[in-house]
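Naming follows writing order (A, B, C, D and E), and every chain is counted from residue 1.
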Amino acid sequence: MLKYILRRILMLIPVLLGVAFCVFTLLYFTPGDPARMVLGDLATDEAIKEFRDKEGLNDPFLVQFGNYVYKAVFKGDIGRSYSSKRPVMQEILTAFPYTLKLSAFAMIIAIIIGIPCGIISAIKQYSWFDTITMIFAMIGLSMPVFWLGLLLILFFAVRLRWLPSSGFSTFKAMILPSVALAAQSISMVTRMTRSSMLEVIRADYIRTARAKGQKESIVIGVHALRNALIPVVTLCGLQFGQLLSGAILTESIFAVPGVGRLMVNAIMSRDYPMVQGGVLFIAITFSIVNLLVDLLYAYIDPRIKAELK
Amino acid sequence: MTTTDEKIIPELVRKRRSPLFEVFLRLSKSPLAMFGLAIIFILVFCAVFAEAISPYSPIKQDLMHMFETPSSAHWLGTDEFGRDILSRLIYGARVSLQVGFIAVGIALITGGMLGAVSGYYSGWLDNCIMRVMDVLLSIPQTLLAIAIVAALGPSLMNLMIAVGISAVPTYARIVRGSVLSIRSMEFIEAARAAGSSDLRIILKHIIPNSMAPIIVQSTLGVASAILNAAGLSFIGLGIQPPNPEWGAMLSGGRQYIRDFPHMTLYPGLAIMLTILALNFLGDGLRDALDPKLKR
Amino acid sequence: MSGAYIRVENLKKYFATKRGMLHAVDDVSFEIKKGETLGLVGESGCGKSTLGRCLIRLLDSTSGKVLLKNNDDDGYFDITKASAHEMKVLRKRVQIVFQDPYSCLNPRLSVWELIAEPLIVNNIYGNKNEMRKHIRSLMDTVGLAERLENSYPHELDGGRRQRIGIARSLALNPEFIVLDEPVSALDVCIQAQILNLLNSLQKEFKYTYVFISHNLSVVRHVSDRIAVMYLGQIVELAEYKDLFKTPLHPYTQALLSAIPLAKLDVKRERIILEGDVPSPIEPPNACRFAGRCRYAEDICRNTPPALREILPGHFAACHHAKENINQ
Amino acid sequence: MNDTDTMLDIKNLTIHYEAEGGTVHAVEGLNLTLGRGESLGFVGETGAGKTTTALGIMRLIPNPPGKIKSGEIIFNGENLLSKSESEMRKIRGAKIAMIFQDPMTSLNPVITVDKQIAEMISLHKNVSKSEALKLAGDMLELVGIRRERMHDYPHQFSGGMKQRVVIAIALACDPELLIADEPTTALDVTIQAQVLELMKELKQKFSASMILITHDLGIVADICDKVAIMYAGRVVEYADKRSLYTNPVHPYTRGLFRSVPDIEEDVDELPVIPGLMPDPVNLPSGCAFHPRCSMAVDECRNSRPKMIEAEEGHFAACPVCVKKFMNGEALS
Amino acid sequence: MKKFYSVFIALVFVLSVAGASLAAKDTLIVADQYDPTTLDPIGHNDYPTSRACSHIYDTLIFLNPDGTLRPGLAEKWEFITDKDYKMYLRKGVKFHNGDEMTAADVKFSLERANTPAGSHIHTYSQDLDNVEIIDDYTVIIHLKKVNYPFFSSLVHSWGNIVCKKVVEAAGDDYGMNPVGTGPFKFKEWAKGDHYTFERFDDYWGNKAKFKTLIVRSIPEPTNRTIELETGAVDIAYPVTTIEIARIQENSELELQRKVIPSTTYMGFNVNKAPFSDVRVRQAISALLDTVNIQRAVFRGVGQTPRSLIPEVTKYSINNELPVHVRDVEAAKKLFAEAGVDPSKIKIIIRSNERKERIDMATIIQAQLAEVGIHSEIMQQEWGAYLSDLQKKTHDVFLLGWGLSVPDPDYAVSGLLESNAGTNYTGFNDPKLDEMLAKGRSLPDGEERAKVYRDMQLYINEQCPMVYLHNDEAIAGVRKIVKGFEVDPFEVHSFRNVYFEE
């Protein structure tokens, strides 16, 4: 198992190099002079030239990229933010807990609501509950998060004044963004649980369990659920990865100072090292989450565990 | 050889019906899918005949009638420039559908080709392509799209390119997966046994059989492309004003949400209905296309 | 020997897997006479389907030869070395019918298109009318009603689907057909129908068959000679009657004794084999059956037995084959 | 048949599935009796309704789409169809156990085999958890699997071993009736022989009654006492083994026997039953077999044939043949 | 599941109660639009950062709301010559780390602005030659050349005095660990969300009347107002037009507004045809109903400027000039004179994504269309926008210019002086450059006033830009908050704020 994990981590290296290269290329060809962005519109031409020299912005493309990778790999240094002058890593690590909390809450909400709804829907296929749940799930899936966010603000913050409309420092403030972000995940988890459950409860071993005289609740709750959860776990993992990195819109609506907003601001202000580092960080997080999901998988499904060995 | 059994069971007589029609027949059994299809038809109609059906020009300002709530003159009210929201929504359908379909087209053609090549000629080429896709997949779609728009500059075309490119890996994976699964099926072997060439096998056997998941994914993909584009517009990286785009309208109405919620309500509703319709249709298509492969 | 229509010499097919080389077909040699049916029996995973596919080069062999007698002279042509172009010509001579009558038919093609495919890809007919005539006659030959030509495979039952598969392989007028478990997915009644069909086709068109199956009674019914495979190797090869009367290999004996007979009062000694078939990945250099064989001795565990002619025309790969004659 | 010895009596059982194209008449007015200690071979082709009948006895018909429309299933004098779900649960596994066709899929892939067996034991026997696990190990040994392997997952076993586990589960609580639904179809011949041998042995040991569902007349000849032949949702012939194998009466039974290639005799062409099984959505009128029957008369088309006793304990649902048989005429 | 819900609800309840009780009135919570970029006073040139720095640091001189100056860290000063100022420093001023502020710190702080670290505020510091230490409490600031506005610029946050020792020790990390002499000391900064400062008890002047200052960054104007209404924040700025009425109507809130020296304009690229022709510029200016554009977009906030030097800045003749009137006929005539067919003109109007600017551009577009001028709006994100403007290939653009220093020179030189980095119009006029140089070299007085009067008239005649909007600083304040006043330079101070329940 350990060998497998190591191999997976090794396999990450080319992917991350690729990510770094992609982002580097993209930013290289993005209009806008980072020197100007860093030094401000009042800066003199000399200052700008000096900055470009110092930061190596005049070097050929590949040299710049090589330098970056060299520093990142051998010195663990992914640079300093142009705008705040702080180390990029520090900036990300300040922002990351917000995003992590936001995503985790959203994921928890999605799981708490999605899995039971999916199970009930599957057991009572074609019932009114099923129909309504599925329609709601579809609506949740179709609801643009920025619109849902606005509606939530309108009702819960503006009309009812129950919850604050922005910020992310108190528990109350976390509710609206988490719910807005969770909406899509709830729908996806519900749908996935339902379809996976539907497939599983038709499986032969469920019939075997029933033939033993087992109670329906245990047949569903033990025999079916664990098997049905396997694809749901993958989905949750993927979703969590998406949430972690894709909470950009939610963060911008609710002014959550997370990684997503950090990234958007960095892109807007040509903060190259920040964008680089941020995307790399997100890619790493994403990959680690995927790895964890695969391990969790192996935990749930002994067949996969056997393959990993 | 006798054909006795044919005399015994005579019910199997059938006329040649186009497979497309069959799919439609099955689709028509799902009310939700039909609802989706109807909405899409209305949207396409709006998009095509926007000039004819919208009551006002989408960019004509009327500073005397700003922020009007819905009335008989302006069914959905007016915005901060006194522009008719209904007309802007109708024209917005054109933009959104364009973005959705062209972006998916870009993603489908690029991703589909990469995926097909990757799946059919497995080996180092497959490995190469899939590692590149892994790289793209590990950058979140929205972020990738933002970065691409930022690099190319905001415009309708660039928006479509950005949304399209960011969806390429998804299609590459789906196409590859479906090519792989079909390639391992016995009828491909049977076709080879019959002497079919690679090209024929790809064109006649693999592509038609991998269409179902791709069609479904494309339908859902149009939905997510529209959503993605609206998201980009919402943060100011989309279509340039005064062109009507739903995400931008939503973003524009955002600061008036307390006094004039109609400005955010209708564009939001339009986006949601469109996505909902496409999702319903996609789900319906999935069911309608499926039985051919599994039964 | 010169009468042989197909000669297989030391054919091997290995697959690389994560856990090592899978010896699917391991050093197999035999020959097939023109117009006969060679039955190939064995349990799942013994390599019989792989062998069948190697025979007509649907799979490339690892080593060895598959020699097909030329039509115009007495020479042989090695299928395993045929170029792409030569294969295209050969496809018209060698064909296959697959086991699963569903997955071997493209679900998007109608019955008509399915049967027409071999004709189209080999450019048999320039004329549409002639092709139509041919397809109609093929359908008639295999017992498919004309009205089914616009149906799709999923609308048909297994028997009819298998008829389509047969029609496809007959379309090019082949000489040699590999029948890969053509009836095992079918119910007994349908199975009988298809067996009859295959039988009458052979009579009419003088086909040479290799009939692959795990069902011994079916194999016996159709075959002239039978080869028994175990773990990638042929362990016994004989005329069907000889094989059933005096099985020489202990595996064949066990196999035969395991067939449930739909008859009462047949006294048989049931030989129940212990355990399962071992893994075909990196098999030991020994008699592969030794682990389950009740006669196994040291020699069996150390030296792999060769396929020897024990009785006239009756080959077996067992160190004790001679002793077994009397048992 | 002596009434006191009757363990299972199925009367007029009708089971339908609601499908898109219409109602599937899976089982249509089926009658069947099984005495204590007997083993019954239940033979028919795919779609004849064998498995549905078995699931009907277990009351495990998936609903929707399936539904037991009418009939009675008298087990030990009590009608199973009038039992509540919780009463039924006490019967399943404890009194009636079932072995399913595909051992590959009938074990839960994420639970170790000892737990799967112990589950059955805990449900019906008043033992502690550890005791149940110990008993599970005993059961495994009984079916010929070493005890060390009790903590393995199903995927670690071969097909034949899995089927042994399934058998262990079924027999764990000493059931009175064992229903085995094609227990060896998915297995290779030599493995099939192993499993059949085991079942014979265990049946003896547990003195259970058994219903063996199969399409293989050879297996029935090997194991069963009684045979019922099923066609299109009905039993068309029922007799003890000897009587049926020596004197098959119903034309379908005879056709079935002849379709199987014989291992000792050479025939050029197998005598086949023409045509196909009827569409269960659209069963023919009268005798469901009449469209394929060479002996069909008008009566067959119009009225549904009843089971008639041809000789003692030998029933067949074909008045024409029974009459001929009783008259000593040759049945072609 | 039920159990979970009850726990969940209880948790929500407890946390909300806890949240409410935390807000005991020893804490001032403020909502600002953005987060500071850094807390290094010379590392930026934006309002949120200036505001944040103003709480931690002091400048040598302070600015009164009326534009006059008063002593800060310098008790008094004298002009030795036109370009040498002697500053007498206040004694006993403590930095937050306990060190005393001395002349060395002043020298270090001001000279540091001329290093690359100070590139953002280079305009202000560029004429500084060096700072001479006389003794621990006296310094002389030497300029390279006469520059009267320089002295006023010392009130800008670039003139904040930092602790030499700390800055040198911290290096690049200083921006997160600031040490100043101001009334608040740095406590914590949750980037993107809020920063927390605490009262500095050893402050040399009047100590703050509350203990903790929390400034939250809330970019959405609606959200700022909501938070103000719900009492989650005590002061919120900036307040946008749409929110004004809401605050005014709320009996618990007070609205403060003040016209400020900030100008939004539409600039022409004067080096690109047809805008190189002054008549075309004038014609386009005449075409635009700027007064109504301003009204439509800002609806009662601010006004349409008539001069480049804002009304509240000295020497402005804004109020003497006539109101801009749309005159389509005059425009047509000007086009005719210039020999330009307006229907053949194609303009790309550039702007960043700021809503009001886009709104104005949208109306401009419509008004230009009335004489057949075809225009497109190109909305760019800030980085690409500035970078494109640098390339000087643009047609027209919308941009703002705010004054942080009360001197008219800064209103003009940054925008139109030929060598200014932010001169995006490309205006290159020796006459104007000369006027600017002259204005800088004169002390305040009649003569200087005349220079700027002529300058304003000259600019209006050359029309390198169309003035669109003169902003107001608007803040919403809870009525329990006393002693707060919006600052005309938008660097709002909390030094005198206290609560009255």
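Note that a contact is a pair of C-beta atoms (placed from the backbone, for glycine too) under 8 Å apart; a residue touches a chain by one contact, two chains touch by 3 or more.
Since we're looking at a predicted model, the values are computed, not measured.
Which chains lie in contact with each of chain B and chain E?
Chains that touch both chain B and chain E, as defined above, are A.
With chain centres defined as mean CA positions, report which chain is farthest from chain D.
Result for max centroid distance from chain D is chain E.
Which chains touch each other through the most C-beta pairs?
A-E
Express in whole angstrom the distance between the two chain centres, defined as the mean CA positions of chain D and chain E.
Computed from C-alpha means, the inter-chain centre distance equals 88 Å.
Using Cα averages as centroids, what's the distance between chain A and chain D in whole Å?
Roughly 53 Å, centre to centre.
Chain C to chain D: how many Å between their CA centres?
33
What is the distance, in whole Å, between the centres of chain A and chain B, each centre taken as the mean of its C-alpha atoms?
Centres of chain A and chain B (C-alpha means) sit 23 Å apart.
Of all the residues in chain B, which ones touch at least 2 other chains?
Touching at least two other chains: 2, 5, 150, 153, 254, 257-258.
Of all residues in chain A, which are in touch with two or more distinct other chains?
Correct list: 30-31, 153, 158, 252, 267-268.
Where in chain E do residues touch at least two different other chains?
Residues 220, 222, 226, 381, 383-384 of chain E touch two or more partner chains.
In their complex, what parts of chain E are in touch with chain B?
On the chain E side, the touching residues are 220-222, 226, 240, 242, 246, 292, 296, 353, 355, 358-359, 361-363, 365-366, 376-381, 383-384.
Can you tell me which positions in chain D touch chain A when the two form their complex?
By the definition above, chain D touches chain A via 55, 58, 60, 62, 64, 85, 88-94, 97-98, 100-102, 105-111, 119-120, 123-124, 153, 155-156, 166, 169.
For the complex, give me every residue of chain A touching chain D.
126, 202-205, 207-216, 223, 226-227, 300-303, 306
If you look only at chain A, which of its residues touch chain E in the complex?
Interface residues on chain A, with respect to chain E: 30-33, 36-45, 47-48, 50-51, 54, 80, 83-86, 91, 94-95, 98, 112, 116, 153, 157-158, 161, 164-172, 175, 252-253, 255-258, 261-262, 267-270.
Show which residues of chain B lie in contact with chain A when the two form their complex.
Interface residues on the chain B side: 32, 131-132, 134-136, 138-143, 146-148, 150-151, 153, 223, 227, 230-231, 234-235, 247, 250-251, 254, 257-258, 261, 264, 268, 271-273, 275-276, 279-280, 283.
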